[in-house]
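The chains carry the letters A, B, C and D, assigned in the order they are written, with residues numbered from 1 in each.
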Amino acid sequence: MCGIVGVSDGDSTQVYAGLYALQHRGQDSAGILSYNGNFHLKKNKGHVWESFTKDSLKELSGRKSIGQVRYPTIGTDFERDAQPFFIESPEKMGIVHNGNLANYSELRKEYTLSSWCDVEVLLHMLSKHLKITKDPFISVEETMKEANGAYSALTLLKDGSMIVFRDPNALRPLVHGEGMYASESIALDIIGKKLEGDIKGGECVLINDNHVERKQLIKEQPRYCMFEFVYFSRPDSVLQGKSIYEVRLELGKELAKKFDKTADVVIPVPDTSRAAAFGFSIESGIPYREGIIKNRYVGRTFIMPDQSTRENAVKFKLNTIKSEINGKRVVLVDDSVVRGTTCKNLVNLIRNAGAKEVHFAISCPPIRWPCFYGIDMTQKSELFAANVKDAEKTLAEKIGADSVIYQSIDGLKNAIGLKTLCTACLNGDYPTDVSTLLARQGNGKRPYEGE
Amino acid sequence: MCGIVGVSDGDSTQVYAGLYALQHRGQDSAGILSYNGNFHLKKNKGHVWESFTKDSLKELSGRKSIGQVRYPTIGTDFERDAQPFFIESPEKMGIVHNGNLANYSELRKEYTLSSWCDVEVLLHMLSKHLKITKDPFISVEETMKEANGAYSALTLLKDGSMIVFRDPNALRPLVHGEGMYASESIALDIIGKKLEGDIKGGECVLINDNHVERKQLIKEQPRYCMFEFVYFSRPDSVLQGKSIYEVRLELGKELAKKFDKTADVVIPVPDTSRAAAFGFSIESGIPYREGIIKNRYVGRTFIMPDQSTRENAVKFKLNTIKSEINGKRVVLVDDSVVRGTTCKNLVNLIRNAGAKEVHFAISCPPIRWPCFYGIDMTQKSELFAANVKDAEKTLAEKIGADSVIYQSIDGLKNAIGLKTLCTACLNGDYPTDVSTLLARQGNGKRPYEGE
Amino acid sequence: MCGIVGVSDGDSTQVYAGLYALQHRGQDSAGILSYNGNFHLKKNKGHVWESFTKDSLKELSGRKSIGQVRYPTIGTDFERDAQPFFIESPEKMGIVHNGNLANYSELRKEYTLSSWCDVEVLLHMLSKHLKITKDPFISVEETMKEANGAYSALTLLKDGSMIVFRDPNALRPLVHGEGMYASESIALDIIGKKLEGDIKGGECVLINDNHVERKQLIKEQPRYCMFEFVYFSRPDSVLQGKSIYEVRLELGKELAKKFDKTADVVIPVPDTSRAAAFGFSIESGIPYREGIIKNRYVGRTFIMPDQSTRENAVKFKLNTIKSEINGKRVVLVDDSVVRGTTCKNLVNLIRNAGAKEVHFAISCPPIRWPCFYGIDMTQKSELFAANVKDAEKTLAEKIGADSVIYQSIDGLKNAIGLKTLCTACLNGDYPTDVSTLLARQGNGKRPYEGE
Amino acid sequence: MCGIVGVSDGDSTQVYAGLYALQHRGQDSAGILSYNGNFHLKKNKGHVWESFTKDSLKELSGRKSIGQVRYPTIGTDFERDAQPFFIESPEKMGIVHNGNLANYSELRKEYTLSSWCDVEVLLHMLSKHLKITKDPFISVEETMKEANGAYSALTLLKDGSMIVFRDPNALRPLVHGEGMYASESIALDIIGKKLEGDIKGGECVLINDNHVERKQLIKEQPRYCMFEFVYFSRPDSVLQGKSIYEVRLELGKELAKKFDKTADVVIPVPDTSRAAAFGFSIESGIPYREGIIKNRYVGRTFIMPDQSTRENAVKFKLNTIKSEINGKRVVLVDDSVVRGTTCKNLVNLIRNAGAKEVHFAISCPPIRWPCFYGIDMTQKSELFAANVKDAEKTLAEKIGADSVIYQSIDGLKNAIGLKTLCTACLNGDYPTDVSTLLARQGNGKRPYEGE
């Protein structure tokens, strides 16, 4: 879960704007590397607006820039592990990526490294192959052969050329248009660039000053991450030609087909579940109401009052509109349940506002397997549905709901409308060999912890 | 436009939490005054979370506290004019208020003042009367006689007693419950206190350690500000017994009754117009869609890219979902139009997403008169509708919409369901004498500017 | 203990520079008020360089400015009590001063005040008299009659005229030259202005755009504070025509005349005692050496290591040169002893470096009476010499010195070369009536504490 | 010019205190690496007190720590190049050093590096040898053979053992005592540790939990940097058994022997030249006076007033005591002249205070050759004395002094009392092969610039 942006003929403020649009993909660090003959690098802990000043953007001069916002799945030192990564020797070169290398543990033994960010390995691999082959395409192809996992990457080389590539399974998104390359199309929207399409899995683009060359290096079946559609991408994004908002309306409709009870009102958990809840209402005919209001300042550092009220922390984030809930049978729609720790508070919130019944509907199927491709759910032991037999029944009991319904895998596929999805976290069907990582499960530790 | 919170038996973190809930009412400064035998005061420029630290909240000790968040209508020096105001002599005493004194210019000549915040005058008036009468109720009554305008106020006296009072016309809101007094009920919700009702216009409450005394000092017809219902209060608030969300659904329904065309989709301007747009959809039968997505990080200091893209600043705030708009006849619902400067960008945004027609529907009637009671529209020359004959037609031309519909005053009253509203800004029917201020209109200056 | 600077025809950066030169006189807050038709005010906690930015100095535009650095003797809220003070009504007007009003407690009852800084009273007094008399000179004269104590003050009036005045006893310094008025001549040196002389006690200067008028309003015997010469002013200052450095050399010589023992080396406590120690060496013939080195970064916020070393805190400030001390009989020269709490550490420092004998010589006579004129020694109970019979013998025992010698009052007068000094803190001869304040002594509280 | 501190059995606050004592050796960055089973690293731009908080020192837990303050001679990105350097693989390991590698340009081609700090090369070299040999002593010996130049280094290995070593010529200082290793003895003084001696050139110490092993790896003639004695070290330091203060008194005496004129007063340039000036006074019999006062707040960020006064910038740093200078023949003593750019201001300062004659005496001989061992004078073209025939005469003309006298090399050696000094910058006698670097002189670029 990260966001990347690059421009092959634009200034760093365009990358900055794109990162701002992708801020929901990572909030722990932000960084930009630009090239104007020399390289200029700025990266910092925190949000995009905390990481750059007017002056620092001016210093990031040049017509080529790459940037990243990070949500770490490996590495917990935000400063040490912030992207872009850059080396001064043997040849200056920098990189950003979105994804996760499944064979990171094996790879890092081969290099002299100063961080726990997997892109540093990717950078050293590319540097090694470039030193030998002097050919960017061959170097990327060799790197793709060694790297197992998800990676959408942007690279700036010593001579100012940019390389763009995406892992053979196209696990993480990477769109492009008018010289911009980004994780989601909204990064293009924000500066008025037109979406032209997606970089394909196993594809590599090399951009020099006046030349764009695009090659299919490796050909495998695409396996687009279904979680981007269900939860992670913004609703106004278009990925692989699909409108995320439309997909979510459809997810709600598919979910409603499974609902066999009656109710008075459908209420979304804001902001992410609004489309799914509305789709549910359309399909079921149960009226839609915004019964929960999210405090618009959520996310700011806030000092919590004393312990007695700390339990009510959810109130600092969400408040109910009692007139829409009191005395009613409520269908509460949420997008996904990973650990199952927060839904109990949501159900309580609705009950405290006077609901007669609460039915909890989830637009994503049960998550039963760990993800090693960049979504922060790497431990089977932490996944609620991985450890129970009847997920709907058990969850209903756990969170005090009158009933729970999960999306089906078929419903999910229908709603997205793409056949080649990665559903590894739902059914264990991994597109790459992750047997070593799976073997480590059960010790309660995260895959790369304490190495 | 400000928010106030006080607790008569709670700690300052409760006031802090309440101010956080009221943050939308004022973001320029925040302050709290507490009493534990001694007085403790903290106030700062900026948001609630920028103005207090864990340590500063600890220093605000005691069981009585009053606080305020400010959006200034007079006075532009945020630090000098931040509330609470406090005097050290002749007797220590502090105050916060929400509202605006219409006769501020006359009153300030009589006192030695160090700011341009009208609450300083209110404080000096009260102090003067208390020095003479030694009686809080009589002092507040005398103050009410001298002060013309809107004021919901909370005061802490030397002996730790708290005074709460609201102007005779009850222009600005003031609710209470379980020892908390606040501008909106959501300040009570956030710490789990139960709403008990509203302080009446002309009423005064005196709270000592073990005694609450409530007196009706002056009796006039209430004139509740209609703008609180239409736009200013949060949808999950309940004022004068009315759910703001329900009122806004009704506003949408009333508005739809005036719509005599056909369309394919109703789209709200997020976040404030969602309820009205949904009400419009219910009444009209035109499908509702969330065609505009608001960047969830709007409000953070952001460095804008170079000039060419500066015109597109709206894109940093709002993005469209093209699939919901392209090729469609759109009804775009907004809550109100004051200056008419931003709606053109909204219409453009929808047109650029491919809309075939754009109809702009406004859930508030045309604003034709200045407000002197605390809403930041004090200059007739700045009000779009004050200066045109046919507001709907003229606005449609100005913003490039296919049509514009405004709410009617009757529709507004029906939707709110209260008969005694202040509609001065709509029809010039002012509840207090503002002839002096009206006489100054036309010079292009704001009422108190340059004195 | 404060510093003030004003310019009657120069920009605010000159006042800023002057305040930087006077930084040793007060480090708790700094502020400047300028006038360019309108008034501009900036004041902040902390040092001069922390209180202003390039931008804030630009905003302080105009050709007249007054500024202050503050070391508070009354009032402990640095922000609330920071100077300059300014009122908006009945007429805009601002002030800074250096000194202390001995009858502050009485005066503050008569005014409505928001701080505990005595200059606020001075400002209200002046404002009151100006409102009545409309004449600056008469207003200052009336103010001088009411105010008891020390005050060197600079004022800016509504029409941009500047008033400069000094209390009738001339207790605190106030020099001038080429349109600058300042506490010490070094404020003039730093911007290359030539010292022209001192403002006299009871004198008032009124400066309009093209006119300087100077009047002797009240005539009393001057009583210059001896502590300015002994300790407080910088050695490169010239006050009342005397070079502070020369005075301190003479203080050392006078002190040496009282020394009846033999020793191997004279060592100053840096930085303030260097001149006195060198004078001692000249007179006594005992070689001078810099045996103590002061860390040049003293004064920066520093995190102290754990408790075991916390006792050795003096080592973070001072270190010895063992080669100059080991095996020697040392005369250690310090400028003054007020509470007697730190000299034990100094003697220990010298002993630990291997000294055979330590003789502690103090260039100021014993301080036995509280000061109510602006030096932070207001409590008799806190003054070491006020509470013992034989100060030299008792101090030697307390601090573990082989002997102690204090300056005599005659030696002090000879060294300074001025007959009309305030020596109230040495012999209780107060130039103004302080009987009320003296009567309060003994309760252990500072004069204005807890009112 | 850097400072290093390490403790083999103490907490990180001791290293912090030591770095504070060594702050004069480098103010651009500060960092500490500690080991408590895991490694903890903090480094930042700026002073010691800006780089650490109470919390960050707590996080630097463990009984072994190494730290550094940096004044860069290579590398201008303070954050990227700040020490300590640390690698995560193939084995965790960290380092600090003081010095400069003369063959850095050659060495960096062999490693994959992310900075322009020469200690990164040292770290990679050690890591490489450790991987092969597994023996710390052999690894250091191999590193010493490859590295040409000055380096006093402290290293922490994966198992928590500490390695201390100094280059064979002992160019940069490295003292020790009671388990602390530091650039100067004052780092020991500040926490009360006793100085035990110096680490020898070519020596290596390996400290494990309960074992200290010390080996002479390479034996060469020591060549202690003379500049440490003349200028760089603090006067209260003891290096190679010599008191710096005593050395400087002697330097002044030696210098006075060359002075063949008469004068009225000897005045030091504060603070560094006080001892030399006093020695000059003792030897010559000319009275010593502190005629220049240094502003005690020099070094704080300060906004300079407008251009007219910018020329007088020296006044913000230094002010004169006119009574000691006016009408007199002055000997002004300074410690060294490198570029010759500031002495003209000093002479002017004295002249403007009314001096009849100004003789400029310099306690260091003329600097004619670049230093490649860590003193920031790497370019022959920048050295005043390198480019003139008669340095004394030419300098006198340039700065407007009546005469100039430089120390002789013999005088320098007599004063220091050590025979084996590095005087390369005085006479070109370099202890290591620097022919490549000398060959690059003349292009006007610094040695490693723009590579």
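By our rule, a contact is a pair of C-beta atoms (placed from the backbone, for glycine too) under 8 Å apart; a residue touches a chain by one contact, two chains touch by 3 or more.
Since the model is a prediction, treat every value here as computed from it, not as a measurement.
Looking at subunit A and subunit B, no chain is in contact with each of them.
The fewest steps needed to get from subunit A to subunit C, moving only between touching chains, is 2.
Of all chains, A has its CA centroid at the greatest distance from the CA centroid of subunit C.
Annotation: the subunit B:subunit C pair of sequence copies touches via predominantly the same residues, more than half of the used numbers being shared. Here the spacing of subunit C and subunit D, counted between their Cα centres, is 38 Å. Subunit A and subunit D have Cα centroids lying 50 Å from one another.
In terms of their C-alpha centroids, the spacing between subunit B and subunit D amounts to 63 Å. Residues of subunit C found to touch two or more other chains are absent. Contact between chains, as defined at the top, is found for A-B, A-D, B-C, C-D.
Across the complex, subunit B is touched by residues 11, 13-14, 16-17, 20-21, 23-24, 47, 49, 52-54, 57, 186, 189-192, 234-236, 238, 243, 245-246, 271, 274-275, 278, 288, 290, 293, 295-297, 299-306, 309, 312, 315-316, 319-324 of subunit A.
Here subunit B touches subunit C in the complex through residues 86-90, 108-109, 111-116, 124, 127, going by the rule given at the top.
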